[in-house]
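Structure incoming, see below.
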Amino acid sequence: MSVVETNEAAAQVPENWEPKIIAFCCHWCTYTGADLAGLNRMNYPANVRVLRIPCSGRMNPQYVIEALNKGCDGVLVCGCHPGDCHYVTGNYFARRRMMIFKRLLEYEGLEPDRFQVRWISGAEAGKFRDTVMSVVEQVRALGPLNLTREIPYFELPAVPDGEEAFDAVPEEVVPEEVSA
Amino acid sequence: MSRIGVFLCYCGSNIAGTVDVEAVAEMARSLPEVVYVETNKYTCSDPGQEGVKNAIIEKGIDRVVVGACSPRMHEPTWRKLLADTPVNPYMLEVANLREQCSWVHKDREVATAKAIDLVKMAVAKVARLQPLHSIEIPVHKKALVIGGGIAGMQTALDIADAGFQVTIVERETSLGGKMVMLDKTFPTMDCSACICTPKMSEVGNHPNITVKSYSEVENVSGYIGNFEVTIREKAKFIDYNLCTGCGACETKCPAKVTNAFEQGMSQRTAIYKMFPQAVPAKPVIDAEHCLKLTTGKCGVCSKVCPTGAINYEDEDKLTTETYGAVVFATGYKLIDWKPLYPEYGGGKYEDVITGLQFERLVNASGPTEGHVLRPSDRTEPKSVVIIKCVGSRDPNKGKAYCSRACCMYSAKHAHQYLDKVPDGKCYVFYMDVRTPGKGYDEFYMNTLHDGAQYIRGRVSKIYKEGDKLICKGEDTLTSSQVTVSADMVVLETAMVPADGIDELAAKFTVGRDADSWLVEAHAKLRPVETNTAGIYLAGTCQGPKDIPDSVCQAGAAASKVIGLLNKDALQSNPQISRVNETLCQGDGACVNICPYGAISIVEKQFRENSRKVVRPVAQVNPGLCQGCGACTVTCRAGAMDLLGYTNESIMREVDALCQW
Amino acid sequence: MTAQDTIRARARELLESGEVASFVGWEAGRFANQTTPLIISDPADADKLVFNEYCVNTLAKYVRDLVPRGKVGLVVRGCDSRGIVRLIVDQVIKREDVYLIGVGCPGVIDRKSGEPLKKCTECRHNNPVICDEMAGDEVAKDAPADRFAEVREVELMAQPERSRYFESIYAKCIRCYACRDVCPCCTCRECFVDARRENWVGKQNNVAENRFYGLTRVMHIGDRCIECGECERVCPMDLPLMKLNRKVIQDLNDLFGEFESSMSLDEGPEPLITYDLADREEFM
Amino acid sequence: MMKYAYFPGCSANTTGKSFTVSTAYVAEKIGVELVEIPDWNCCGTSAAALTSPELAVALPARSLAIADRELPGLDVVAPCAGCYRSLKTSLAFARESEENRELIKKIINAPYEAKADVLTLLDVLATDEARETIAAKVQRKLRCLKVACYYGCAMVRPADVCECDNVEDPMEMDDLMELIGAEPVDWAFKTECCGAAQQMTIPVQAKPMIERIFQNAVANGADCIVTSCPLCMLNLDMREAEINRARVANGLEPFDIPCYYFTELIGLAFGADPDEVGIDIHFHPAKTLLLQRELDALELEEAENIARAEEARKKAEMAAKIAAKKAEKAAKEKAAKEAAAQAAAQPEEGKEAAE
């Protein structure tokens, strides 16, 4: 992002804006770690809401798209450390899927910090707190996400290499009608 | 239209101190489908629970949201409560207002706003939950133990003594495993055979134990309480009902085969018992080497057999039985050091032997009748080098882990050698000496007093000059190079899992680590269970261990099995995957991803467009599915869904949250 | 005998002998530089079949609807055959449901421009990966254009530019689902976008829902895509859909090792339904 | 015709002159063309790595880049084991990743794609084609010569870089020696370090390293050591006298074990005069043993010839005896048959007569 644009984006940030972040946490490790953070009365920003799933292997990329589409500013997916999955292999699949999905989202222009995946064990209350704090700060720095929802009325830039649809047959190719 | 009841807890001041519970309640009343909201000082207390019950009856509530402490704390409590009401126990969602809200935020306004969101999410989710019902899984009161070494035998005895039927499957022709090959056991120097063979005969004679020797597991299906296991009993060519074990056949057999029990240091016949005290105490014919079976000529054993027990036509037998529980006690083998350590000759030098070969050399019933004689020329070695950690703690060449028992048995070997060859010299090359066990360090100290010379360092090369084996190494304590000229070298090699463990574990969907050791359900809290319910671990199949630890774990595994077999039926977890067969295409992506082998593809008949169609669909085994939901993500059509965490309910939660 | 003659002769024989109930190929269109897919069940129609450099349609997906009526014969090039492999691996059809006449394909020509079609310049498999017999010889493979070049082009854009670029794509999409209908990987009995399930996917045609569709489509087919490029070719809005597919394919190759889907009937599981303990770790 | 790009290394015209001379001789005889890489430079050996790791990979890469450019399609042969290890290490580094190649290109300021492979001379001579040619060209088998093949440490290590699957007991040179009639002994120090790098700095540790190599070779019955590394050769050949002096001072038997390059011995087998392949410029006297073994071989051949003649004579004798016995037996049988026929005929005659 260029400096100018950053300033523009910052200028658009509404007053009292707070980032909204949703955290998908696996029941056995990260959710437990989050509970432990509570038990230890650790303090972290309230911008993150935890949604409990049984395993990071349950994490369907569609949930992330939905969250971003519907107005979340960032998404965090957390599971057990590889090797510690309660369901043996769930997070190995999740690791592959999330790596691909994260790259795809970034390819489409999402800032890397808005979608993060972390392994946090049931004992790592401190890591949970630190992760939440850093994600909130990173997303706060990026400002509101505001993905376009509706098709804009103004003219969009043309798809660079897309030809006009339904164009006529170019002249240089002379169509020869096949005799019946 | 559902009728949702929301019960919010103050938890004294734990929640109410930071969250304005009444404001949350006020908001909850405005949510669609919520018909009743109640706040309570302590919802989990007896009066609190009574209040919930009464409200459910009075208000006709059919699903419940509890806003209180973490569901990891009291979800089971609420489920139990609902079981006594008309509401299904799974029509419940808990909003975590304490651990993940009031306890971690200080600002009352912020915390209240978050609590409101959490309750909104819970309401959104609970509104579309479906009632779920556990099913009863019957338990077959019979256990299968795979492996008849010390761990397997101990497990079988403990289970059998509790009154349950046990089958032991042993791949070799006799029970006993590795322990019966050993000469003495540290630190007490009991004769290994003297404590192991009585166990073998106890197992062989126990009314509740069936020993299937020379047998392997062929196939497995089913789940906890109901494992259907097919066992292949290899052809023994001897009718055990007729055989008296007199041994006449063994004395006459002309074929000579390298004796694996004696670690290749002597020969046996083709019709053989593994060792004299074998259980079952009857021989088998080794089909690969028997002259009658390979060339058709011979048949001496059938001529000398007084009972006519020899049957050259014998074939493998397959039997299938159902077991409630399975215990893996498949043990270990020693790593094949030869390709890994060419610098030790890679097997070129006959007098470079393994620890297990040494055990047989000092054993009174071994090939040298207990005299320490080196294999090449049967002379007494006057100097012996013992090298520890060959293949262990060596990620470059062997395994990264410590094999645990070697420090002790190398001390034992040094002690035994010095005892038998009083004028001999014994050098032990070591990396560390680890002796954490009762009486272990004392034993090591005694070995030092015996005169064993411990040199801290690895040996870099063994080569031959004349009839001496020259060991070049480093003494890291003095930072000097050491050269020892030895008559015999003993390599204390690493333990690795027994052959075929990968295939066997895959049949039972038991997890393995990178070194193929079987993985316990939890390293600390569930050390003898596996992640597949109903399957337990005993002994070294789980990792290197010495005998006391193996026996300990065997007892623990047995107690778990006894606990399971004591039940007549199990309640299944209803929060498992379910297939929508209309949508399922049967391409099997879910089968691949399931860690429990719970999903299979079956051909089913449907009526579609007024036609009968047979097409493949996925089927979930409710006994095996643990409810992780990994399969749901692979299902593009959304045919696979996880009850309790459906795609729809999670999407509703996301949507509810996004409205904040 | 040209490949076209062989195809006609064999199609007639197969239909006459009753070995196949229908046969799929191409027929000449109104103009010489045009063909359309042709499904025949009468041996007399076999002479309508053509095979030339204007056979732009990939045929595999047609088989799905024909199989219930009996065995299907069809002409397969590299792309068609990989489509067939896909359908078989995904249990949509069985191997014995189809009789495949293979034909080497040097690439086809875009009727509008007279240039080779984009999907063909990037094609890496000109010859069928499975077939029952070959009509004519295999063709030698020219070095294909770098199939990831367009992905790298996008990757080089600055982040906001990329964001706007894809937003413009999603704004242009009319959700006609032609890309799905033509795709041999899209074989769900009911596509998620057609499902009537609450909170699953919206039916509105707006940027957000189009994004939901677009991203989900790629995640669904990414590790199975046979790179036939048909989605992009049939898109009436000329959206560069392969830029999305290829991005996933490129990452799968980079992260989990060389991989091309649907190259044989017995290849292992696709990269996203398997794992390796030694996979790269980015989420510590 | 086998053609390779040739990286002579700096010992080629100095301490390793014999190696160069004999390599050229053998290569010419068996039709291997070695094209010297133009403007090659020092491989950097172990010294470069001590200065900077980048230098250690870039120095060899420069020569390899020239080979790629000027001698496209040819693999590079480095007879010196030290050069081989440096080149091979640099090549492995370059092939590891695009970034590594970029780094090298930047340093050497030239294009470089790491195309050509790096081979030892043994690799070149151990191909089936070369072995066949060698076998065909042997004029004089070096019989009775017991050789300890000494590969040295640099040709096999690091094992993953040098793509060596048998670090402790390689066999290529042993096979070649067998091919020319010599007898390779089984010994334990084939790839042991000769301590060359430490001879000046830590002689107390390094001298015994040489001594152990000689000792193990002698203990396993070797007459001589055959090597493929100029530095090993220099080290062993030059310091044998020094070590012998020390041994004599300690009351030990001195060694008398000459060292050769394997190419020298192959050259000899091809009929070269020892001086032609550089055996005249060794430190330790190296010709006597060869003459002695040539004599032994001739004597052995003579003895074998006598034994063979004796065997042939015995065989002929036996055959004659067998033939005689057979003839005797046949004659007897014939006589018996005739007698029987006569006997059969006689009664008939008698019958006839009786009638």
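Read from first to last, the chains carry the letters A, B, C and D; within each, the first residue is number 1.
In this text, a residue touches a chain if its C-beta (ideal position, glycine included) is under 8 Å from a C-beta of that chain, and two chains touch if they have at least 3 such contacts.
This structure is a prediction, so every number in the text was calculated from the model and none was measured.
J.: Quick one: most central chain, C-alpha centroids?
T.: B
J.: With centres defined as the mean C-alpha position, give me the chain B-chain D separation in Å.
T.: The mean C-alpha positions of chain B and chain D differ by 53 Å.
J.: How far is the middle of chain A from the middle of chain C, if each middle is the mean of its Cα atoms, in Å?
T.: Using C-alpha averages as centres, the distance is 29 Å.
J.: Just the number, please: Cα centre separation of chain A and chain D in whole Å.
T.: 64
J.: Starting from the mean Cα coordinates of chain A and chain B, work out the distance between those two points in Å.
T.: Distance between chain centres, rounded to whole Å: 38 Å.
J.: Find every residue in chain D that makes contact with two or more other chains and list them.
T.: none
J.: Would you mind listing the residues of chain C that make contact with two or more other chains?
T.: Where chain C meets two or more other chains at a single residue, that happens at 199, 272-273, 277.
J.: When you check chain A against every other chain, which residues touch at least two of them?
T.: In chain A, 61-62, 66, 70, 89, 93, 97 touch at least two other chains.
J.: What topology does the chain contact graph adopt: line, ring, star, complete, or other?
T.: other
J.: Can you tell me which positions in chain B touch chain D when the two form their complex?
T.: Chain B reaches chain D through residues 342-343, 346, 461, 463-466, 481.
J.: For the complex, which residues does chain B have touching chain A?
T.: By the definition above, chain B touches chain A via 70-73, 96, 98-101, 103-107, 110-111, 113-114, 117-118, 121, 511, 519, 531, 575, 593, 595, 626-630, 632-633, 642, 645, 647, 650-651, 653-655, 657-658, 660.
J.: Touching residues of chain D toward chain B in the complex: what are they?
T.: Those in contact with chain B are residues 166-169, 187-189, 192, 205, 215-216, 219-220.
J.: Which residues of chain A touch chain B in the complex?
T.: Those residues of chain A that touch chain B are 20, 22, 27, 31-32, 34-39, 41-44, 46, 49-55, 57-63, 66-67, 70-72, 86-90, 93, 97, 129.
J.: In their shared complex, at which residues does chain C touch chain B?
T.: Residue positions touching the partner: 89-92, 187-192, 195, 197-200, 220, 269-270, 272-274, 277.
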